[in-house]
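Next come two complexes, and both contain chain A; in the first it sits with chain B, in the second with chain C.
The block that comes next holds the complex of A and B.
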C-alpha cells in the first residue's frame, strides 16, 4: 500500500503528511520541556538552600551551543542541497551535522564525568566542603569504614547472603587494605560440632536449604496445631462474653458445639501431629546449626579485615557492624573518618561562619577567610551602596563572600596542592558529616533537574543523530527514485533537530549563566 | 549525481521552484553567525550586573528568545508556513503558558497571603 501525501501536499492542509506529524510532535515536545522549565522555576524560587548559580563551567556549555548552532546550519543546508539536487553537498552537510552531534555528546560526557568525580561533604553545622575523597584506590581506606580483628561472623540464614565478603581486604605490610588474592577463602568453625568449613556460596546454599526445610516443617506443624485449637479459642471467647461488667447472654449450645469440634479435631489429627513433630525433630537433628534464627561462626586462623561503604551498612559501632542483610561482624572498628581534599569551602548555610566546623579541619585558613570576607564585603558595599545595611541577606554577597574557592584565598599552586596533595587532606569525622555525595542528582534539586533536563536533551540529540544518520546512509536509492521525497524526510528530521537546538538555546543561559 | 526521475515535478504545491543553493546557504550561514554572536553576547551580559536578578534574567532570556525566533523563522521556515502549523503553535503556546502559570499559582497562596506563613 502506498502511503499518501509523502511528497505532494494534501489539499485540505496544504502540507505533506509527515510535516503535519512532526509539528504535532514538536508541539507535544514544547509542552514536555515547558513543563520541565516550569519545574525548574518552581524549584529555584522555592529552594530552601543556596541555589548553586554560576557553579557550572561556562566554556563547555558555550562550545556546545556553538556546535549545535553549526549543526542547525548544516542540517538546513543539507535540505537545501537536496532541493537544489546537489546530492554531494547534501552528504557533506549531513556528515557535518552528525559529527557535530557526536562532538556535543563528547563534551556533555566530559561535563558529566567532572560532576560524578567531584564530591562534596555537608557537615552538621551546614558547612560544605567541595573536593574529592583522598586516596580512593582499593588499597586505601578511602571514604570507607575499616573493621579489623574480625573473629566472629553472625549470619541470619533467612535473610543474609554472603555479599559481605565483597568488602573483605587483606593486610599486607604497607597495604593495610590490599585486595584479597584470587581463590583465598574464609575458614570458619561451626558452632554445633566445631567442624571447620570454607565460606563458599555452595556451602551456604546448602545451609539455607536446611534452614528453610526446618522452617517449612515448623510452619506446617504450627498451622495444624492452630487449626485444632481454633474451635476451642472460639468457645472460650464466646464464654467470656457472658462475664465482666456488661455480660451478654451466651449461647451455650454453640460453646458446646465448638468444644466437641475441638475434641474431634484433636483425636482425628493426633497421628498427623505426631508425624509432623517427628519430621521437625528429624530435620533439626540433622542440621543443628539452623535451629536458631542466627548462626555464629568463629573465624579460623588470622582475624579478618573489612572496608565497608556506609550505604551497605545498617549500623556500626566500636566493636561491630551490621549489614543491611542482618549479617553481623564482630571485631574492632579502626577508622571511620572521611579522608578528603578540598577545592572550596561554602559557609552559606552556617549560622555563624566564624564558628564553622571548617576551622576545626582547616584552622590555618581562618585568617585568610576573614581577610577575604572583609575585602570582598568592602568591594560589594562600594558597588551596591543600597545594600550597605543588609548585605548579609543578599544572595549575591553570600555567593561572593561565603562560598570560597581556595584559589581566591591562596596562590593557585597552593590551592592545587590542597586538592591533590595527600599531605593537605583532612580526615572528616563521620559524626560531623550530614551528607556526602558526588555532584550527581542526589546532591541537590539543582543537580537533579540539571541532569534530568540535559540528560533528556542529550537523548534527543542521540535520537536525532540516529534518524539523520539513517537518511544519510540509506538516502541514495530514494534520491535517485524520488529526490523530493528524501528532501521532505530531511526537512522533517531537520525540524526536529532545530527543536533540539532551540531547547539548548534556553538551557544554556538558564543552567550556566543565571 | 542526478536523479533519474523526479516524481515531485508537478506535484509539490509549495516548494517546487528550483532553489538557489549558494544564496540560500549564505542566508543560513549569516543566521548561524548571528546566533553564535548572540550566544557570546548572552555570556557577556551575564557578567554584567543590571541592578537586580529580575533585570539580569529578563535580558538573558530576551536574547535567548531572539535566538530561538531566528531558528524558528529561518531554519524552521516559520516565516512562510501554512496556517495549520500556526494554529498548532497557538495551542502549544497557550498550554505552555498555562503550565508556567501553574508555577506562579503555587507561589500565590491565598491562605499564606491572608494569614501569613
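The block that comes next holds the complex of A and C.
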C-alpha cells in the first residue's frame, strides 16, 4: 500500500501531505500561543498588584532574539543546500541551526537560574523585600520552620503517611540543621499496650491494613443498619411533607407500609446485625490502635527535631504543626523568623510608605529613602511637567521612586554587604510575613505567565532541535535514496522552526520591553 | 511510507485481508496497528466502554438523588465494588452516597462522557473508519501519527480512570473544573501531584494532544487524498461534517490546553493564574500570591467547550445525513445549503462561548453581544435539522434498525435544540443557570440525540466492519425501550429545572424541602427511567458482540448505498480498494430518473442517457440527480436545492 503525495505535490492543492499537515499543526499552535498571549493581556489588565515591567535584563533577551533569527536563516540555507543537492553544506547549516538552539537554551537557563535564586518576602502591610535568605541554613532556604522537642506524633492512618520523617533533623550546636545518621530510626510507644516499636514503613503498612480491615467490617455493619433505618426515614420524610408552610396531602397508607417494612427488616436482619457486630468487635479487639481515627504515638528517648517548609504544612503554631496529610507533631517552635539579605525594598503596595514595616527592620535607611524620594520626584516632575499634580498615580513614577534598589540609596560597596553579608541580614518575624517565594511561578501571575510562555517556547525549541537533529544524523540514507523526500522533511521542520522563531519575536518585546 | 518502495506494487490487485508487503503480526494488526480501520474500531470499542462507565457513575448518582440517605441497594452497589473495598470504605463508609462521592462521580461522569465517550466514538471512531473509505484513500495521510493519536488517547483514559484509586479520589470540581474550587479542593493532600485534580489535568493534556494529532490527520486526508473526481461538492456530507469537526478540534482545543497547563501550574508550582488575592479556603487564607483571575479560566475553558458542543452533535447529524437518504431512497434535501450551514455553524461556534458565563457579571454590552451571536447560531442549526427532516418528505422509507435510530434522532435533537433557545437570553438564563433545565436541554442533544445517531451509525456500518449484519430483532429490543426510557429520564427534568432544582444537589433537593418537595416524585420517576435505560442496552451489548460470529453475512453494499466506502471488499483489506477510485457523480444519487436501479453509486460512470440530461442542465456543481429532476420539472434555472417531493420514487 502506498499513501499518495508523500513526496510529490498533489496537482490541485499544490502541496504534499506533510506540508498540509504542518500548516494545520501551526494553525493549532497559533491558537495555543494566541491563548497564552490573550491570557497575558487579561492578567495584566486585571492585575491588582504593580505589574512588573523593565525588570528583565534586555541584553540576554536581545542576544537570544539574534541567535534565533540566525538559526532561522541557516535552516533555510540547509533546505536550499538540499535542493541544490549539496549535502555538505546542508550538514554545516543544520549543525549551526542546532548549535544556535543550544546557545538559546543555555542563555535561557542562565536567566532562569538568576530568578530561582532570587527571593521576595511580602510583608503584611504590602512592603516587599527582594533578596535572598541569609546563607545560614543547610539549603539556603530561610522560610523553614525549626520545630524541636517533639515528644508526640499523631497519625491519621486513613490519610497520613510517614513522609514527615523526611523533615527530621538532628541539632548541630544551637541549630537544628544536621542530617539524621543513616539507620537511626524513631522509636515510639503505642498507646494501647505501651509496647515500643520502631517507626518503619513496614510496620505502618501493617497498621494501615488493620485500619482498613476494621473500616471494611464497620462499613458492612453500618450499611446494613442504614438499610434497616431507611424505610423509617422515608416514612418520617413523607409525614413531614404534610407539615410546614406549603403542606401536601400525605398518603398515610404509604407511611404505614414503610413503618411495617422497617419493623420487618429489623426482625429479619437481627441475626446478620449480630454477626457483623461480632466481627467488628473481634477485629477491633485484635487491633486496638486503629479503633479511633487518629493514633497518638509517644516518642521514646530523646525528643525529635524537625526543620520543615511552611508549604508542607496545613497549620502551625507555637506548640504544634499539622502536615498536609493530617500528621500532627506536638512540640515547640524555636526561632520563628526568616533570616534575609535584601537588595531592594518595594513600597508600591504600601498605603503610607513612611510608616512601612520596612523601617521596623531597617530604621537606618528611612532617612536615605526620604532623600531619595524627594530627589527622584523633583527630577521626575521636571521631566514630565504634565504629571506634576498626579505623579503618585503614574506607574512610571511608582516604579522609579517607590521601588528602591539599595545601591541607589547607599554606596555600592555597602549595598553589596547588605546583600551578601550575614551580619547585615534581618530576621523577619513570621507574623509580619504575608507571602514568601523565590522568583518562580508562585511569585506572582507575572512570573507565572513569564515562565509558562517562555518555558513552553523553550520546549518547542528543544523539540524542534531534536527533530532537526534527527534529520541531520539519519539523513544520509534518505538523501541517497530520495533527496527530494529529505528536502521536504527539512522544509517542514524549517516551517516549524520559523514559527518558533516568530513566537519569540512576540515574546521578546512583551516581556523584556513593555 | 517510503517513496523508495517499488511503486509497481501499488497497481497490483490485492487479495482480501492482507496487504502487498507482508502479513502484519498479531500485535501490529490488533494492537499497534497503523490501519485506519483498526484504529477506528479501537476508538469505537474504547469509546463504548467509557460510555458504559460514565453511565454507571450516573446510576449511582441517580440513586442518591431519588433516595437520599438510603444505602445503595445490592443491584447497584456492585458498581462501587468494581472500584475496590478501600474505595467503598473511604467514600461510602455507611453504604450511602456521600456528597464528595457524588461530586466525584458527577465530575467524572461529565468528563468521561464528553471527552472519553462521545467524542472518541462519534468523531474519532467514525472518522477513522469511514472517512478515508469515503474519500477513496488507501489510509489516513499519516498512519503512524494516527496510531500515536489513539495510544495517547488511551493513556489519557488510563490516567483518568486510575485517578479514582488515589487517596484523594478523582476530580471533584465538576467536568468544567472551575478554579478556584479545582485548585483548593484537594490542596490538603500530601502530594500535589498524586491528586485527582492534577491527574485530571494530565489526562486532559494527553487527550488534547491526541485529538490534535487526529485532527491534523483527518484534515490532511480529506484535503490531499480525495479520489480522482471527488470534488468538494461531491464530498458526502458525512465527510464534510467530519472535516469541519476536525477544524473545530484543531483550533478550539489549544486554548483549553493552555488552561490545563495554567491550572497544572497552579496545582503543582503554587502559581496564581486563576486564584484571586485574598482567597480563603476552609476558613484560612490560602498561602499564595493571589492576583490571578478565576474568570480567565472560564473564558479559556468555554472557548474550547462551546465548539466542543458542536463536536459532540455534528457527528450525529453527519451520520443521519448518510443513513436517511440511503433509507428514503432519495437524495439528501439541500445538500449544498447543509454544507454552507455547517461551515457557518463552525465559524459562529467560536464566538458564542461566553453565553455559558452570563452569571459571571461580565457586563451587559458583552452579554448582549454573546446573546446576539447565540441566537444567530440557531439559524444554521435549524437549517441542518430542517434539511434532514425534509429529506424524509415523499420518500419510500424503509426502516432497518439504523433508520429507526436516525429517524428518532430528528425529534429528540429538535427538542434539545429548541429548548436551548430561551437559554440564549440573559434574563432567562440567569434564572435557569445550573438547574435541571440545562441538564435536560443538553442531554436531549447529546443522549437521545447524538448517542442515538451513534447507535444508528454502528448498526449502519457494522456490516462493512465485520462482514455481518447485526440482528434486527435485538435491534428493535434495543431501540424501543431506549427511546421510551430516554424520554422518561430527560423530559421531567425540564419541569424540575423550571422549579429551580439545582444540578449539584446530591440529595435531590432534600435540604431545600420547603421549596421543592412538590416535584420530588419526579426524582424517583427519572431514576426508574435510568434503570430502564440501562436494561435496554443489554440487547445492544449482546447484539454487538454476538453478531461478529452469528450475524447474517453481508454483501459489499448491503444497504444499496452510493458512497465510496461501499465499493470495497467486506471487510476492507489493508489499503482498502482493489482499484483506483474515480468519482463520477454526487454523493446522494438515489432514484435517478432513467437509471436502471434506484441508486447510482459515485463510482459508476454516468450512462449515456444521464450524460444527455447533464448537458441540458448545464450546472457543473449540482449533482446529477438534482439536475435531472430540475430538467424534468423545467426548473433548470433554479438553484440546485429546489426539490419536488414525489419525483424520485419512480
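Keep this in mind: the second predicted complex is superposed on the first by the 417 of 514 C-alpha atoms of A that agree within 3 Å, B and C clash if a C-alpha of one lies under 4 Å from a C-alpha of the other, contacts with A are read in each partner's own complex, and residues count from 1 in each chain.
Simple rule for what comes next: contacts are C-beta pairs under 8 Å (C-beta built on N, C-alpha and C of every residue); 3 or more make two chains touch, one makes a residue touch a chain.
Note that the coordinates shown come from a computational prediction; the quantities given were computed from them, not determined experimentally.
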Under the stated touch criterion, which partner chain does A:481 make contact with: chain B (first), chain C (second), both, or neither? both
Between chain B (first) and chain C (second), which, if any, makes contact with A:300: first, second, both or neither? neither
Partner chain in contact with A:267 - chain B first, chain C second, else both or neither: neither
According to the stated criteria, A:466 is in contact with first (chain B), second (chain C), both, or neither; which is it? neither
Chain B or chain C: which reaches more residues on chain A? C
Please indicate which partner A:13 is in contact with in the superposed arrangement: first for chain B, second for chain C, both, or neither. both
First (chain B), second (chain C), both or neither: which does A:77 touch? first
Once the shared chain is lined up, is A:185 touching chain B (first), chain C (second), both, or neither of them? neither
Please indicate which partner A:310 is in contact with in the superposed arrangement: first for chain B, second for chain C, both, or neither. second
Looking at A:440 after the superposition, I want to know if it touches chain B, chain C, both of them or none. Which is it: first, second, both, neither? second
Both chain B and chain C touch chain A; at which residues? 7, 13, 15, 20, 24, 27, 31, 34-35, 38-39, 42, 46, 481-482, 485
Could you pull out which chain A residues touch chain B in their complex? 7-9, 13-15, 19-20, 23-24, 27, 30-31, 34-35, 37-39, 41-42, 45-46, 58, 62, 65-66, 69-70, 72-73, 76-77, 80-81, 83-89, 383, 395-396, 476, 479-485, 494-495, 498-499, 501-502, 505-506, 508-509, 513-514
Within their complex, chain A touches chain C through residues 1-7, 10, 13, 15-18, 20-21, 24-25, 27-29, 31-32, 34-36, 38-39, 42-43, 46-49, 122, 158-161, 163, 212, 215-216, 218-219, 222-227, 230, 233-234, 237, 240-241, 244-246, 248, 310-311, 314-315, 323-326, 435, 437, 440-445, 447-449, 451-452, 456, 481-482, 485
Parts of chain B lying in touch with chain A, wherever the complex brings them together: 1-8, 11-15, 18-21, 24-25, 28-29, 31-32, 35-36, 39-40, 42-43, 46, 49, 53, 56-57, 60-61, 63-64, 67-68, 71-72, 75-76, 82-85, 88-89, 91-92, 95-96, 99-100, 102-103, 106-107
Which of the residues in chain C come into contact with chain A in the complex? 1-5, 7, 9-10, 19-21, 67, 69-71, 73, 85-86, 88-90, 92-96, 137-139, 141-143, 167, 187-190, 212, 215-217, 219-220, 223-225, 250-255, 257-259, 261-262, 265, 269-273, 277, 284, 287-293, 296, 299-300, 303, 510, 513-514, 517-518, 520, 574-575
